[in-house]
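In the two complexes below, subunit A is the common chain; its partner is subunit B in one and subunit C in the other.
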Partner chain A sequence: MMENSKELSLAKRSFTKEKLRNNFAFLGLLLVLILFEIATKGKLLGQRNLMNIFNNFFGIALCAMMYSFVMALGELDLSVGAIVGFSAAMAAFSSEISIFLILPTALFTGLAVGFLNGFATAYLRVESFIGTLAVSFIFRGLTTYFLNGSVGIPIAMRIFDKNEIKIAALAAVLIISCLLYESCAFGKHCRAVGASHEAARQSGVNVERTRLLAFTMVGAVCGLVGFFTLVRACTASSKTGNSFEFDVLLAVLFGGMPLSGGWPVKYRAAMIGSLAMAVLKSGMSLMGIDGLTQQIVQGVILIAVVVISFDRRNAGVIK
Partner chain B sequence: MNLRKFTACAMTVAMTASLFAGVSVHAENADPEPFTIGFPWDTANTDPTWISIYNNVKAAVEAAGGELINVVTDNSADGLIDNISELISRDVDGILFMPASDSMLPAVDAMCADAGVYWGTMFRTISDEDIREAMYESEWFAGGCHEDDEVCAANIVKSMADMGVTDLGVINIAKGDTSSDLRDKGAAEGAEEAGVNILNTTYDISVTTDMTKAIESYIAAYPEMNGILVLGTYCEAAIPTIEKALADHDKAGDIKVGRIDFESSLGEYLSEGTFHVSYGGQQQIDPLVSAVILVNRVIGTPIVEEGPANIITPYLELTSAEEAGEFNEYFLGDEAVYTAEEIKDTMIKFYNPDIDAAYMDELISTFSIADVVERHSK
Partner chain C sequence: MGENDTCLFRAEKICKSFGAVHALSDFDITIRAGEIRGLVGENGSGKSTFSSIVAGIQNCDSGKMYLEGKEYVPSGTMDAVNRGVSMVVQEQGTISRISVAANIFFGKETMFSRYGVLNVGKMNAEAAKALHAIGVDTIQSDRMIDQLTFEDRKLVELARALYTSPKIWIIDETTTALTVAGRELLYKLMQRVKDGGGAILFISHDIDEIMDKCDSLTVLRDGILTANLEKKEFQADKIRQLMIGRELSGHYYREDTEEALNPEVVLEARDVSAGVLSDISLQLHRGEILGVGGLSDCGMHTLGKVLFGLVKPEEGSVLTAGGEKVRSSSWAVDHGLGYVSKNRDQESMMMICSIKDNICLPSLKNIASRGLISGKKQRALADTWSKKMEVKANSIDTFCNTLSGGNKQKVVLAKWMGKGSDILILDCPTRGIDVGTKAAIYQLIEKLKNEGKSILLISEELQELIGMSDRIILLKDGRVSGEFLRKEELTEAKLIQKMI
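Now for the complex of A and B:
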């Protein structure tokens, strides 16, 4: 009887811990919101600042949603910033032929580079960390080489920098990626490969095709981010998309996405993390915190989040 | 008697009224209305020059009773656009920034015109003729201050040629940056005129490890190289890094080193004889005067009545350890190169109606290290 009650108490405690871990990102977001709302005396969620939060959130969330598939695979893509920059550059060049080519060029360029990432990772068996880093160097170099400075597009293209258009694009990517992740075989395949690619292969999952598709999708959405970045600034430069890869990675980790991949990777982490990042950045800026302190705060929070949300049970599994 | 009383009362009322009227007029004119200036700047950069730029802008804004609002930036075009959007939403009256390229300016102008916010630039001119024309027609562009990058680069190359440099390795900011392109152009002109061979140019170095690699590559690839010129860089401690790389290869002192834009370590290397010439000194006066141009526009007393004000700062030359020491003390300290009182008296038209473009040009032409030392050492 005593043994049973002890076991029950242990199970309850473990359940509570698991629940806390699962909802950690929500709690984190809530905490960040309340803290900054108080510290900024209500300015954070003021109407005007909400647009800033949305602008900060938009690009990161677009990419983070598709990045969930790569994270579920237990892989990383360190080339997303370079893809954004290269797509924007190619799209800017295409505007010299016709402004109608800007969006297709950005999307196709992103998709092509994403395909390259996927091919290197899936078929050439290059570690995604190394492969995407190499691709990042290549396309950063090509962007600088082709642009030879910066290239502008007609100011009229700012018409696409409207919130209505951005919300529509975000909603479209959200619906597609959420359906793919939660309700289609592809999402499950990604998590299965992330949990154990050998087991997934034995179960009939085409591991290589799954990897190829996930990286290609990230590339395509980076092309879309490149398009929106371009129409916002009306210029593409060698610095476009700089450090975007870290913003996206920070966002998904901040949302509680484990680096180990597999089944614990929750789609909602992408949205929560992106929102938390946007709120954090905006809140610190509103408070007038200097850049150095902002970096320190981000670093400390990241370590705390990874320590709390990292799923150690999966860490030792041979994939 | 009644008439006397009435007259006395009327006079008392009139005198009191005139007294209050005087006070009221004086109160209206004592100081400009409070205002805010937004300033995207990388406050994570601990380089003394970057800190001094912030301090000089702050001094100019506060001299006229304004408040400076900083947002952290990476100085890229898309980053700056986000910064400007944020500052507009925070209701600033003016925005001062360092443009990443000419092509971003129409977007900035469109955003500021929609919000009714004045904007100004620092350190950069507008090279693209179409964009310059469009921006100079904008009622929201207050103007800016910049140095003559092309002439400065040409002259420093010629100066190094006079020191015996024939083969030059060059470091510069990212291509597409207006200053970078103009300095490249000027260096090429100077090299052609002085018969100097530019061996290679490396762009966009932002960390010391990359700077070391670039210098080591130059040493390995070009044994004939006898000069290194930093036309521009955002790398912190650029000169100590270059000097270390040269010393590691026993080349310190043999290869002449020059740079545009002063930094705090120059004195040490000038006295050791391993660093040779630097042109610059505008990193403090340029942002200060740029802020002054914007502030004057925001408070309703523009320096130039029609169109934007454009002021070119002369570059200073640093060739001795003594001058470098004075530069460190008086330019890179906590105090701006003009104190708040000096700015108020000599640069804010609200307090000094004599100020116009010619007045400013004359004032800036007297600016030098010796001038700052003389004003601030008292």
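Now for the complex of A and C:
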């Protein structure tokens, strides 16, 4: 009898722990919300700031949704910021020919760079962490070289910086990526490759193509982010998309995605994490915390998140 | 002499449970110095749990252990090794991406360091000595472990386990991973430890091997001690019965004999060369069980991978029924091929993943309608096949890393049953699996044959090949060295002649 109750309490405790780990992202989001709501004396969720939060959320969430696939593969993409910057720059150049070229150019540029990332990871077998970092350097360099300062587009293009359009774009990407992730073979293949690429291969998954596609999709969505960044500022500079890769990575990790990939990578983490990041960023700005300090805070949070969320039973070392 | 003089290791009332499952309950065992103690039981009966507790990999929930009369509570594997308990495990126990020497001395690097700097040369030399001490001279100690074959890596593990001259040496289902020569070596080493006054806890599914090598035997069933037998009490049927708890009904292998081959060829290798394989040609017919045997390094495992499109042949080609070339494994799966790897845990299944997702993986495209897959269909598919294969688990959401070896293999097979593959390439499907599951797998293979499916059975167990195959092809050094049809008078001796 006593043994039974002991066992029960043990099982209960591990159950609570599991629950806590699973809902850790929700708790984090709640904590961030409450903390800044108090610190800013209610200004955080004030009407004017909600717009600010949405604008922060928009870019991060767009990218984070597609980033889920790369995370599921157990890979990283550190070039998303560079892709945003480069595709914005290319789109700005194309506007000199015709303003109708802006969107297609941005999308295609992003897709092409994403393809490059995928090709290096899947077929050249470069560790994605190294490969995308290199790609990031290359395209940041190219962006600075081509732009030579900054390039503007007609101010009329700002009509695309409307909430309706943004919400529609967000909804479209959300539906596509969520279906792909949860209900299509592709999403499951990504997780299978992350869980064990050899087992996936031996079960008929085309491992290389899966990797290539995931990176290409991230690239394409970064092109879209580049487009919206461009029409908002109406100018592309070498600073466009700066540290965006860090925002996205922090968002998905904050949402609870494990770096090790596989089946524990949950889609909802992308949304929760992006929201938490958006609140965090706008909260810190509201409080008047300068950019440098914001970086320090984000760095500390990144480490804390990885330490707390990582399931140590499954691996010896945090990758 | 009092009993304590000969008693080297004693465990009393060991209990261990995982959630609601009792892996061990009140398990007692006494191991005397200078004996080889066998430990048998079906998969999931708690053998591996017990050995891992002794080796310090996990703690028991309650119970006490004594080593040489003193209480023994290992704090971890290194502590266990330092106290004289070494273990060699069933699955791969080496650490990849480091050298052979680094593997042998893992955790003991300080032996070779001075002021914190590791003397690699000295470590390599000592590793070479350790390998030489167990009679292995073919493995260079400075090579990367990944360059070695699966079987050679096992030998490295043996060298590591014996370097510390253990008092208790636990051998957990290792023989199936070794070549014939490797097995002989292992038996010799066991004798050496025994003669040195140590003891061996020997876990194996091979009852003949157990009866031959062990001095006494402990039988486990569902975590409970069922019997302790002395050598004179050994009887194969009795042991099997004790393990399973019921009489093994009927036959083990197929009973029918000699049957005409269906002329239709479903898979064909034409002059294939890859790695050790040179100029292999073979044809797999519809409804045939084609056995492929040989020594472990004869290339038969590579052959399976070549046929499934995992390894590209350097020359020649693999063709399916329509004369189409097998291009890649994903192409092969789409065209009705299935493959079960010898290296199950690393290659055939996703461990941190549910039974459901493992079973559904190759069939995702089939159950999708307009590209979308419903959760209901996935559950239905996984449920059907895990029930048909009698996978023992709480639910199909159970993670595969918690299953026993036999159940894992059932999940792997269920995956291909669910896909409905017509051609199955099975590489050692019964390796490291208990008698009960083994019989179930043989029955399944026979049933598939009767349904008109074709099976390529690669195996290191000759008895299995003779018992199951319609035709047996033997390989030697990457070439076909003999072919036999199913006949009653076929014996192991005839096969071995062509293998060596």
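Methods note: the second predicted complex is superposed on the first by the 305 of 319 C-alpha atoms of A that agree within 3 Å, B and C clash if a C-alpha of one lies under 4 Å from a C-alpha of the other, contacts with A are read in each partner's own complex, and residues count from 1 in each chain.
Basically, a residue touches a chain if its C-beta (ideal position, glycine included) is under 8 Å from a C-beta of that chain, and two chains touch if they have at least 3 such contacts.
All values reported here derive from a predicted model rather than from experimental measurement.
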Which term applies to subunit B and subunit C once both are placed on subunit A by superposition, clash or fit?
fit
Students often get this wrong, so check: with C-alpha centres, what angle lies at subunit A between subunit B and subunit C, to the nearest 10 degrees?
140
Subunit A residues in contact: does subunit B have more, or subunit C?
B
Mind working out whether A:Gln298 is in touch with subunit B, subunit C, both or neither, as first, second, both or neither?
neither
Partner chain(s) touched by A:Asn56 [first = subunit B, second = subunit C, both, neither]
first
Per the contact definition in the header, classify A:Asn148: touching subunit B only (first), subunit C only (second), both, or neither.
first
Let me test your reading of the model: by the given contact rule, A:Ala185 touches which partner, first (subunit B), second (subunit C), both or neither?
second
Once the two structures sit on chain A together, report how near the CA atoms of subunit B get to those of subunit C, whole Å.
30
Using the touch definition up top, name the residues of subunit A that touch subunit B in the complex.
48-49, 51-52, 55-56, 144, 147-152, 155, 158, 229, 232-235, 237-243, 282, 285-286, 288, 290-292, 294-295
Can you name the residues of subunit A that touch subunit C in the complex?
7, 11, 179, 183-185, 188-189, 191-192, 195-196, 198-206, 262-264, 314
Seen from subunit B, its contact residues with subunit A in the complex are 42-46, 69-72, 74-82, 85-86, 89-91, 100-104, 106-107, 110, 131, 174-177, 181, 203-204
Please name which positions on subunit C make contact with subunit A in the complex.
17, 19-20, 308, 310, 328-330, 332-334, 339, 341, 346-354, 357, 360-362, 364-365, 368, 371-374, 415
